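Remarks on the structure that follows.
Should a chain be cited, it is by its letter among A, B, C and D, assigned in written order, with residues numbered from 1 in that chain.
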Amino acid sequence: MIIVVKPGATAEEVDNIKSKLIDFGYTLHISEGSDRTIIGAIGDEDTLRDKPVMSIPGVESVIPILKPYKFISREFKAEDTIIEVKGVKIGGDELAIMAGPCSVESYEQMRLVAERVSSNGAKILRGGAFKPRTSPYAFSGMGEEALKYMRKAADEFNMLMVTELTDPRDLPIVSEYADILQIGARNMQNFRLLKEVGSQPKPVLLKRGMAATFNDFLLAAEHIAKEGNDNIIFCERGIKTFETTTRNTLDLSIVPLIKNASHFPIIVDPSHGTGVKECIAPMSLASVAAGADGIMIEVHPNPVEALSDGDQSLDLDQYDEVMKKLRVIAPAVGKTVA
Amino acid sequence: MIIVVKPGATAEEVDNIKSKLIDFGYTLHISEGSDRTIIGAIGDEDTLRDKPVMSIPGVESVIPILKPYKFISREFKAEDTIIEVKGVKIGGDELAIMAGPCSVESYEQMRLVAERVSSNGAKILRGGAFKPRTSPYAFSGMGEEALKYMRKAADEFNMLMVTELTDPRDLPIVSEYADILQIGARNMQNFRLLKEVGSQPKPVLLKRGMAATFNDFLLAAEHIAKEGNDNIIFCERGIKTFETTTRNTLDLSIVPLIKNASHFPIIVDPSHGTGVKECIAPMSLASVAAGADGIMIEVHPNPVEALSDGDQSLDLDQYDEVMKKLRVIAPAVGKTVA
Amino acid sequence: MIIVVKPGATAEEVDNIKSKLIDFGYTLHISEGSDRTIIGAIGDEDTLRDKPVMSIPGVESVIPILKPYKFISREFKAEDTIIEVKGVKIGGDELAIMAGPCSVESYEQMRLVAERVSSNGAKILRGGAFKPRTSPYAFSGMGEEALKYMRKAADEFNMLMVTELTDPRDLPIVSEYADILQIGARNMQNFRLLKEVGSQPKPVLLKRGMAATFNDFLLAAEHIAKEGNDNIIFCERGIKTFETTTRNTLDLSIVPLIKNASHFPIIVDPSHGTGVKECIAPMSLASVAAGADGIMIEVHPNPVEALSDGDQSLDLDQYDEVMKKLRVIAPAVGKTVA
Amino acid sequence: MIIVVKPGATAEEVDNIKSKLIDFGYTLHISEGSDRTIIGAIGDEDTLRDKPVMSIPGVESVIPILKPYKFISREFKAEDTIIEVKGVKIGGDELAIMAGPCSVESYEQMRLVAERVSSNGAKILRGGAFKPRTSPYAFSGMGEEALKYMRKAADEFNMLMVTELTDPRDLPIVSEYADILQIGARNMQNFRLLKEVGSQPKPVLLKRGMAATFNDFLLAAEHIAKEGNDNIIFCERGIKTFETTTRNTLDLSIVPLIKNASHFPIIVDPSHGTGVKECIAPMSLASVAAGADGIMIEVHPNPVEALSDGDQSLDLDQYDEVMKKLRVIAPAVGKTVA
């Protein structure tokens, strides 16, 4: 940690800063420049992070040096983590394609989607059973019934199943059906929920919060990894910005940033990340070109009848069109499509 | 709901739009202009809100007309809701001052703060027992022990006690001690938690999420009110913007917006809302001048020793200085200080 | 324009709203619903746009229906505009690759870059002569000398030359050398400058402002097109958001949005759009996959010696690597590389 | 400047970093920690700022220590700068109230406003003659005629006159009439314009750009101060955020930040800063409570007839109501109202 002392600080203030820092447990290196005194404070940043150094009179700024996360970092593990469930790999050469409707509506719907997408590159079926909705009057999912339909359709076509968990009390029931547990954007900093999924063995797909910086996102994953779960999949799904033509602003630059900083895979959700139909296919292609390990995409057999988010779902033909183009793009970035 | 038809739409497309809207349950008013056909669709927007109207071919845009919330609105209840707990009122003429440390650290600390702030305008003691922290390595609160210390100190000085609830499973224990349940910014869209606090009788202090628009904030409150709880206190605490000199950007304009749109009171938290010591006192005064019903402010007997957020806490003398100025400002906006 | 009347408005207020609207020059269609009275107001939105309709007592909201731009829209011109300068086309099947250093530093530097990039896909040389810089102490370009070096290098390799214009008083000198005039992000709403470039014949490359919404961006282009210049190239280069790991957040979703709304081409600048070296190559690929008509990319023969923005420049080998991958990706989106 | 070396950097890389830094002109202090090597680089940051240190292989991060501005800082001048024009002071104990319509429409209009506001606290008349407008079809001001009307009305009531300058070519004509030159938000980084107003003697009111950080804002002022003009007035007028209920998000926290960092006064414009009528009065009061040296407020004798921005103008009675409340609030923050 670097502490910059205010230019006008008195000798007493500087001495007090030093003694406080030593009390906090730091070892100090002092550089007295002509413009500023700068103090390098070395210590265990994990335990020292909370100390109110800025509150010591005479301190101008405090600059952390070490990264605030460990288990998720490339420094902790240099090689890519490849997550494997029932023979399906996420994070390897093959793109992980997760497709399905926003909400599970019926077994027949899930079967139709699973049949089509599994025949064209997708090995993971997505769908919502417990839906967090901004409005209390919006459709919030069919609950366990949805889990059953999705599981049945997934099994029929040898697909994995990923679905969202919104409450720690639902962990047993969701785990009974799902292969991958999704933590949604609104719960990215629900730290109690992160702790629960960190303490169980199934892989966790962690969506970026709408107000989460790169650092916040990494730290949310660290909450999970610290509990022992080392099967984490990052998922970029857009952030809140002043641009409201799209529902969110899909921040694809985070893909290379995450690949650099962490050994875990990252996928992109262009459906929620844009919320605008005309953007979904182009941004699916862009996600893979940017280096993502896969995409999560909303596909509905008949979007105009969907119970939720129909406006941002592709139909089955549009899905096929995206996959056709992805097969051209993937080799440029060292990836394959199943 | 207003549906704007694309300028080049064919007669078949327009007919299809109309019949879909009728299928969805709307009654239609058509205006054929020279530039655009505009369809006014009347129906129960609560149940119709989810319909994928944008997905119907030929639709250019869809504009909702009715407000998406009900119980929290001024239309539902014109006069201000004044919340009363053990004789303390929130939302009336008297400013609600909530003061205390970020984290409860000891009984002695709580007693020191309660003694001082209760003697100068504050009737509500705040403090964290279960702390959501961005880093998994940061101090996350003392749990039930903290609740006990806070309760004891509050009782000793006839104060109410407000503290954060982060997990539905903690509701029984937190309710046992607290008078007001706080939902933090990170949980503003934890809809399951909102439902729980909506179904119990204690007042709820709802903090604005860091990515929450005015509308998102109102809808989060509607999640609570819809369950039957009509004792809600809005709390502005800053939003995420590109300005990072302050931890968040305190959006005081939301104070008059909320007062206009809802009958529930709104307070402001300038401590988390700025995260910068030099901003806390000025923004406390500004909050009241903007029309807030109170403030929630971090006060620590010795900020430089605080276990969390010491850098954004006022000490006891600084608290008194803020209160002294508030006593001058309050009458300008029709408020009093106890 | 749709005017929604407040639910509690009196009959006098409604009558006053109507008569004001008629005074302003609108023709009215009234729908009296059970919840709201809604007034459709038809008139010339260009001249009526400024009328203070929200100020009329009893008005709840005002919703514009028509798009606020004309010449740049697909409705005005359905087919893509292909800009052609000295035989080089921008907006057609072939990707427009604009490459070169942030700042022109010497003839030799420009020659080195031009030689290499012109041999691998780039037909347009970029470089800064007049540089807007956040700090008054930063290098702000070599002025006319830079224009000469760039022109000489461009001619030697049959390249077009694009450079930024920051002041209307520089138009004569910049026009003497450049083939395409660039309006930078900081000047996107310098309307007097837009008017100047709109009134002269050279193509204009318009960069998106850091706070510009999709609509602001389109309207800035309309300022140019309205003056008669119909050779406009949009350029996405990132917006300001809370994410500060990258210098800006590159908003690739705007690519399909612009292609839908306007007939003019759009390119992307991933160098300024991210400001982070590890993101430039991936985001270049993503831009093309998203449907951009080209990219503008900073290339320096020796980034570590660059006078400005060396940290976000590719070297010549990295440039070649990007082009190699673009040759694989381009066909997926119907594009070619020269 | 602090350079943090990547943990895995080789000895050769570290040596190369050191020799590059020495080449750039820095003197070095090396700290070899167990986790990281940290290099303190001391030199003239103004000339070194542009060096591409991040591009040197093995560098993990670069942290500037010194502030990037000089003339505007409290370190350069500790005491408040009070600007005085024709006996009117800005930045002293008396609040500077700048009031008037968005656009000058007629002499009669200006006379009506000047008469009323000058009799109640305002000594500075505001009004637009050259208006930057997002739409090319919106009313953009009456030009020199407007300047004449405003000057005449200002003189009649002994007021100063402030108006916006949007183009360096207008400097002579605007200077002929105005006492204070306003640089609008859209031109805050029009560095050529800043240079022009920096080189002439009249005070400059500098509005914060919609995407300008605190640091960007200070540096824009430094562009002016560096040219020799030491009469600068900062003006907060809202930033672009995801919250679009208000036109911009008024960031009042910048008031205490600026007061701490700079000796120049800061005022607030709640009219453009919110764009919502119900917010203007509350945010005017909040601005003063936050410590602003004054406010700039849109007042129109008849907002519903205004040619621009009528929806965000107060009428004359509303203006008086704000002033009445300001007279109560001002003493709390050590200010007076004329």
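A few notes on this one:
Everything that follows uses one rule, which is that a contact is a pair of C-beta atoms (placed from the backbone, for glycine too) under 8 Å apart; a residue touches a chain by one contact, two chains touch by 3 or more.
Only a predicted model underlies this, so the values are computations on that prediction, with no experimental measurement involved.
More inter-chain C-beta contacts link the pair A-C than the other of A-C and B-C.
Comparing the CA-atom centres of all chains against that of chain A, the greatest distance is found for D. Between the CA-based centres of chain B and chain C the separation comes to 38 Å, rounded to the whole angstrom.
Chain C and chain D have CA centres that are 26 Å apart. Taking the mean of the C-alpha atoms as each chain's centre, chain A and chain C sit 30 Å apart. Shared interface positions of chain C, defined as residues touching 2 or more other chains, are 211, 239-242, 244. Across the complex, chain C is touched by residues 20, 46-47, 49-56, 68-69, 132-140, 166-169, 186-187, 189-192, 209-211, 216, 219, 222-223, 226, 239-240, 277, 303-311, 313 of chain D.
The residues of chain C lying in touch with chain A in their complex are 211, 213-215, 239, 241-246, 249-257, 260, 273-274, 276, 278-279, 282-283, 285-291, 325-326, 328-329, 331-333. Remark: chain B residues 2, 4, 7-8, 29, 31, 33, 35-36, 38, 40, 42, 63, 65-66, 75, 240-242, 244 touch chain C in the complex.
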